[in-house]
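The structure that follows is given in the form of structure tokens.
Think of it as A, B, C, D, E, F, G and H in the order they're written, each chain with its own count starting at 1.
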Amino acid sequence: MNHNDLPALLEQWRSGQLTVADFDAAMREHYATTAVVDGALIDLDRVRRCGFPEVVYGAGKSPDQVLQIFMAQEQAGQASLVTRATNEQADVITSRFPDAVHNAVARTIRRGLAQPSGSSGRIAVLTAGSTDRPVAEEAVETARWMGCDVRLITDVGVAGPQRLIDRRHEFADMDAVVVVAGMEGALPSVVGGWIDCPVVGVPTSVGYGAQLQGLAPLLSMLNSCAANVCVVNIDSGFKGGYFAGLIARRRVSS
Amino acid sequence: MNHNDLPALLEQWRSGQLTVADFDAAMREHYATTAVVDGALIDLDRVRRCGFPEVVYGAGKSPDQVLQIFMAQEQAGQASLVTRATNEQADVITSRFPDAVHNAVARTIRRGLAQPSGSSGRIAVLTAGSTDRPVAEEAVETARWMGCDVRLITDVGVAGPQRLIDRRHEFADMDAVVVVAGMEGALPSVVGGWIDCPVVGVPTSVGYGAQLQGLAPLLSMLNSCAANVCVVNIDSGFKGGYFAGLIARRRVSS
Amino acid sequence: MNHNDLPALLEQWRSGQLTVADFDAAMREHYATTAVVDGALIDLDRVRRCGFPEVVYGAGKSPDQVLQIFMAQEQAGQASLVTRATNEQADVITSRFPDAVHNAVARTIRRGLAQPSGSSGRIAVLTAGSTDRPVAEEAVETARWMGCDVRLITDVGVAGPQRLIDRRHEFADMDAVVVVAGMEGALPSVVGGWIDCPVVGVPTSVGYGAQLQGLAPLLSMLNSCAANVCVVNIDSGFKGGYFAGLIARRRVSS
Amino acid sequence: MNHNDLPALLEQWRSGQLTVADFDAAMREHYATTAVVDGALIDLDRVRRCGFPEVVYGAGKSPDQVLQIFMAQEQAGQASLVTRATNEQADVITSRFPDAVHNAVARTIRRGLAQPSGSSGRIAVLTAGSTDRPVAEEAVETARWMGCDVRLITDVGVAGPQRLIDRRHEFADMDAVVVVAGMEGALPSVVGGWIDCPVVGVPTSVGYGAQLQGLAPLLSMLNSCAANVCVVNIDSGFKGGYFAGLIARRRVSS
Amino acid sequence: MNHNDLPALLEQWRSGQLTVADFDAAMREHYATTAVVDGALIDLDRVRRCGFPEVVYGAGKSPDQVLQIFMAQEQAGQASLVTRATNEQADVITSRFPDAVHNAVARTIRRGLAQPSGSSGRIAVLTAGSTDRPVAEEAVETARWMGCDVRLITDVGVAGPQRLIDRRHEFADMDAVVVVAGMEGALPSVVGGWIDCPVVGVPTSVGYGAQLQGLAPLLSMLNSCAANVCVVNIDSGFKGGYFAGLIARRRVSS
Amino acid sequence: MNHNDLPALLEQWRSGQLTVADFDAAMREHYATTAVVDGALIDLDRVRRCGFPEVVYGAGKSPDQVLQIFMAQEQAGQASLVTRATNEQADVITSRFPDAVHNAVARTIRRGLAQPSGSSGRIAVLTAGSTDRPVAEEAVETARWMGCDVRLITDVGVAGPQRLIDRRHEFADMDAVVVVAGMEGALPSVVGGWIDCPVVGVPTSVGYGAQLQGLAPLLSMLNSCAANVCVVNIDSGFKGGYFAGLIARRRVSS
Amino acid sequence: MNHNDLPALLEQWRSGQLTVADFDAAMREHYATTAVVDGALIDLDRVRRCGFPEVVYGAGKSPDQVLQIFMAQEQAGQASLVTRATNEQADVITSRFPDAVHNAVARTIRRGLAQPSGSSGRIAVLTAGSTDRPVAEEAVETARWMGCDVRLITDVGVAGPQRLIDRRHEFADMDAVVVVAGMEGALPSVVGGWIDCPVVGVPTSVGYGAQLQGLAPLLSMLNSCAANVCVVNIDSGFKGGYFAGLIARRRVSS
Amino acid sequence: MNHNDLPALLEQWRSGQLTVADFDAAMREHYATTAVVDGALIDLDRVRRCGFPEVVYGAGKSPDQVLQIFMAQEQAGQASLVTRATNEQADVITSRFPDAVHNAVARTIRRGLAQPSGSSGRIAVLTAGSTDRPVAEEAVETARWMGCDVRLITDVGVAGPQRLIDRRHEFADMDAVVVVAGMEGALPSVVGGWIDCPVVGVPTSVGYGAQLQGLAPLLSMLNSCAANVCVVNIDSGFKGGYFAGLIARRRVSS
């Protein structure tokens, strides 16, 4: 059973052909749900439930632990993504999996999902300033791993308003836009006022004292006067990219 | 020029056939950008930029002001939505526009967008408890106004976990899910773990002392271990519904 | 001795012709420093030290108390300004001083400073949305009382970015600009990016839950990426207008 | 006099056979209340008042100081527990007391209470993710030191909901359950909804920016919609295990 | 199947005689899980999962809604408890159910659980000052509803330390102690230092400015130097009493 | 076109001789808006819009990157200022541009604006204590770079009130005063009470625990009872100096 | 035994003539420790322990309850003080005790301590602005009840610095000074810089948005650069007056 | 003129024999107000205004800077105290001034005030736990420097309540008591309930997560139900000792 079987099973449940217990049993049968890697549990069932494999948080893991997770996911026919990856982890992974992509600025290692033709939608990732770049790159890598066509547009913060205006055509007809901003976090609101697609705001912890390690732009984005702006956690480029990827994928799957 | 002309104009700009100045001029020419109603400015240009008309915040406005805004938007061929509407406003609007829909629990008045056939995607709105209902209804009304097919599923909070499990089939294959929760705000994380579509968390200010008027569930949702959860402002059913509506609309437009 | 004598006295002190004790004595001699009005002390010396008379906070004062303060200030040849004024106070003041100006939206009563010719500089006051208006009007009235030429520009929030762009010529060559904004408070940063004069940000307590009664825009403005933005207290239209008035007055006095 | 004599003495006080002064005197007589170890005071009376010996906070103490405390407690016939212990302390203790148990992940050293037969109740300790493990191990070690039968169940966070459901039988009939969770801290609420025994929530400081070093899950647990959830301090595995141990001991002692 | 069948079913699951699906099915079969009362869902399954019926939050419900919930619970053979009850609700309930107990200070209505003989353990509820009383009474009523023998000890705050000392015999050998305190919330720590049973701290919102509506005692209790103190939400007498009731019930059931 | 042409262009726009599109085109034509230096964008258009060149935040940049920015700005005929500069950056810059000024306490490198004759107004920078000095020096350097005549007055905190009083003549007739203070941040309020010019408060993160890394003086300055006090971000000597420089420049330009 | 016997008893304890148990027994014998008034406990022992009778918090008490407390304290030969008193309570008390003093601004009723000759030290109470007056009056009444000679000095806030300087002689040689201030709370620091006696800061909740109901001046006073400033709770005129009274009493008793 | 002349001068001012200007001049004449030491200003006038010399904050100063300050104060006949002193500073000072006292735990160096006979009152400094000791020692050293007779009583936290009770005679008749406590900060309230003299609470930053670097005990102490408790800043042993020293000195000077 693959991901595409889910609608059929749901329909059977709805129509009474399956009880909830039978539905759950069918789900369990088709999937090895958990791999145990060096004491850590890897949720191999997540593809079924959520559409994408479990993503690995690299900080604090040994290169060998990360490698074994990649191998367990490969064995299950699944792709892999590590965030907050170290260079040591990258060396070990890329020598074993030459097709793995390491981005040192983003601190990610990814090994692609099968995507024979076409892409899963288009995404733009914008940054206010150059210090927001590592978070933005993490968003870019995550969305690319999900199969999206991603464009990175940097340094269009509101202190230089004409820069954003002159580049509107580069992000005006995306499926989703991720906006990464520290300081006062005004950029998602301004971007949201120019376009008609969902905007995912990612506040960063970049700034002076009253920036409060990202709380200032977080609050700013939550209170955005633009209705098409939602927010994820501070410095969470991964979540920004992932959420945008889920939105963008919609267009393709329909 | 209507909303569908935008891609062509953008293409001309990109290919150099239009300068940015000419592009802006073309934009301005085709739209009366602003109506002045009783001292307030109505942004009639928002449909072009953002895909939907300006939404009116009803609190503090007289029934007559709201009526004039509806009339200005009708004149421009645009739909209308009022949030935080009073019963007095509803009486005036519905007697002038019998097709307007008033929802007293949601405190909304809406007058539909033209949608000749089909819908703009499917959305589920879930609540943790019964006190979260007004916020959820505001989300429902907003998404319906945008043309979505919306299902409201109430009282599936985590204190009764089997209730959510037994109703998974009702929200498992939506385009987007809005989850409205007060108290500790755990529901979006739990829902996010079961499904593969984007989840928009709406924290509510429902709870005892340390709930801090919604800050507790807001923080909870921002830190969700489920990667498919984003967040909008406390008690902002409108934003939750609007954002989900934008996501859902994708499927249809492609 | 009037305000213009101060530089001469300072020079004498610097050159050793006056000791600090003599300087203080000279200051005291020429001014009746304090009037006692119904138990409250009015600082009539403030004109000398700070350039403008003491401003009266009206909330909690009886109409008669306010009247007596106006009379005491008139007797000392000084102008008067009441903020947070009630309609009852306004009735009493304007029937005694027909030249007093009452602004019910701003909740101010002012009686002008002597300004024989010309004005004390030009100021623009901008608002993001219509709910910010009372705070903006307080700023307008305060700056007018100080002799400034003030222009009020409303509803140019970032959700409708073209509105601000199309009206830049109205605030591009002011001496100072006051920007009043609630929600996420992004407007001062955006305005600051377009112009070269000082911008005084006034956060307002307008918004939903996570706006935190104005803390969100306050933090936003403090962290502005535009270097020409400073901040005053939440909802403090008076301080915004006063500070801008002090800046604008510079141009004239030189 | 040992701990079991307390009820008799209390009864005498209640019935008037003992005055409060006599009661206090009787208490004092039978216990050497305080040992002085290298300038620090060890409360040897705590067993009488609270049922367990004083627990030592190891951070900042020299190995020799810790050793002397163990020896003083041994002399008084009391068990010992050190939290936040270093490896250096462990080396010194275990070479002198070979029966002492060192857990390097938990950073604890314990030397058991006398427990000839049976145990003091059953406890499960659950973690949401693998980074919560050190705090969970501290809880495990503390409860074991108190004589409880403890089961550790890891990695059952809400992002993989089926994992918790499939393992309910492992924690469904415990005397108390400790739930250790960082991120949004939703797990105690979900666990509380499945079982009928007390749940002690231990928030951890694991997470991104808006997790606020554990404040987010702390607030989440305090606002739990499950009525059987209480909370202890952030990262306080010791308190979580101790409190659960006190609850579990009840069953045995009755 | 009643609550006592659960251990047998769990054993069958553990031994492999039941799959998790069969276990869940067995659970569902024996219980009507949900009653629908006037649009609200009542979780009749909670007795099975959690040992006690769902408790009703009275605020915002009509007397008739509350009555229907009582009737649905009676029909299922379950007891009832309403917190934050109004006098109007109490009048309706007590005229229909003369055995229902209304406590106007606690704002509770309860209708007892079947308890043929003996009680479910002993609990003391202590208050620091007289303003803490309504919260304490809510705790008392909740624990009594659960079948506990409850003693209320008032006004033993630390400003009069001899009062607590002289009354130690009244709470020294309880199964659990609930301590309700506002101001600085020091009482749970002091009580925790005198006794050996679990202490449940309930902070109240009683106090001056920097008490921050209960945050000061909440933080105080979370940081208690006494290891036997846990905490529930501000002003949550219900949760304090419920949690203590769960602990106390242990002794009886074993 | 230079900065002085702006008023003429604005006038043409106002009078209808220029459309907004033509105005924007005229702006773009005359300025190379952006230089790309080693991946970072330098906004060379900022002089036109804001009156001063873009200021470079040195932290995290290599000496070579900073050097290239200086060279790009020199090529455009613009001055340069680096804040948070390192000694390594200073060595490289000053060997290439001997006229550059490095201040190691302020951590700034500046290369002057053309200022053939006279200055751009007078500014005083005051500090409360000696630990506030680095922030104050940053303000001094920034204002000097803008062409102002700046006087630094140190150690006049309110614990020694006579020191401020005895030195009033040194700051009594400035165009603007910057007050840098940590601890309780009372100094701007006290200074504001003595003088008639704008006071820019800069809170610093100097102090013990409840100083909260500068939040205490930040709040203090925002609530100043002196109406002539505005505030910039914590430790932001640059912004304090820049804002004061903008105010002071007014006098000269008129 | 009266308050003066305490030193002798302490000496006997120290010298071994009394055990701690005998000491406590002697304490108990001489005092009726608690009166029960309408369900509330009055701590009549407080005079012995703390030197002054228990003070009654009037809010929420009926006039009759307050009266009975006065009568119980009179019977024990003790004085009485009610804070947050209502006019109704005052009417009842003063008609029964004509020597009771009601201050409607302070909301206090006091009935004096026996003080045959002389006073218990001198105290000044200063306010920054007129809105701080009710809190200041509460401090005045409390200190007068304790037998102090109290002077109230109003409206000497730092916006008018010469007012404080010119009145230094009125508070320069007090035993203690209470400073009541809202807004930014700078006054205690400034006063502390001028004098050599202890200063008790009382922050008030007077101000605009970022004053945060008194948190701004509270933090300001805690961080005072003057070493002779301590702080009590927001709006707590009672505690400010009481603490100053304890300090002032010292001089007299020695 | 020495400190004792102040009352006479104040009397002359009050009686009109001196103007405020003459009074200030007399003050200035008799004191060299400021010494300049290596760029830092030392306020030698503080003895006159505040009764004690300026205290030096050692952190960040070179040993030589500290030495020069000692020498400048010696030359003016003044004592010296350094807080946050380093061992290097101590070596330099004590080799030049053998009578200087260095306390490495307290991180203080003091050189005594002249105190020919008797002491300036008695003070007790109490700590809750051993980690509070450095802060307590700073208080002890400061008060000793002021001439007080100081007793340090450690480890009497509320987790072992009998320890405090058994040692009451050691602090029951002091002039002032300083209580240093981290964790929940309950000790000052408990101490305040036993004694009749002023209690100065010093919160420390000792504890787990929700202790918030001392904010928890700070709030606790501010909300103390004991009326004789005031508070100084977190970890500020110096201020606690200084304030207590000012109180204690009263008794002696009268």
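Definition applied: a contact is a pair of C-beta atoms (placed from the backbone, for glycine too) under 8 Å apart; a residue touches a chain by one contact, two chains touch by 3 or more.
None of these values were measured; they are calculated from a predicted model.
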| item | value |
| --- | --- |
| Each chain counted as touching chain C and chain D at once | A, B, G, H |
| Other chains in touch with both chain A and chain E | B, D |
| Same or different residue numbers at the chain E/chain G copy interface, by half rule | different |
| Selected from A-E, C-H or E-G, interface repeating B-E by over half of its contact pairs | E-G |
| Interchain centroid distance [CA atoms averaged], chain C/chain F, Å | 24 |
| Chain centre separation (chain E, chain H; CA means) in Å | 48 |
| Approximate Å spacing (C-alpha centroids) for the pair chain B, chain F | 43 |
| Touching two or more other chains - residues of chain H | 20, 24, 49, 159-160, 165, 192-194, 207-208, 210-211, 215, 218, 222-223, 226-227, 233 |
| Touching pairs among all chains present in the structure | A-B, A-C, A-D, A-E, A-F, B-C, B-D, B-E, B-F, C-F, C-G, C-H, D-E, D-G, D-H, E-G, E-H, F-G, F-H, G-H |
| Chain B-touching residues of chain C, taken from the complex the two chains share | 130-131, 154-155, 159-160, 162-163, 207-211 |
| Chain E contact footprint on chain A (complex, rising order) | 19-22, 24-25 |
| Complex contact set, residues of chain B against chain C | 27-28, 33-34, 39-41, 43, 45-46, 49, 60, 203, 205, 213-215, 218, 233-236 |
| Chain F contact footprint on chain C (complex, rising order) | 3, 6-7, 10, 13-14, 20, 23, 49-52, 55, 165-166, 168-169, 172-173, 175, 192-198, 200, 218, 222-223, 226-233, 238-239, 242-243, 246-247, 250-254 |
| Complex contacts: residues of chain C adjacent to chain A | 128-129, 157-161, 165, 183-186, 189-190, 192-194, 207-208, 210-212, 215-217, 219-227 |
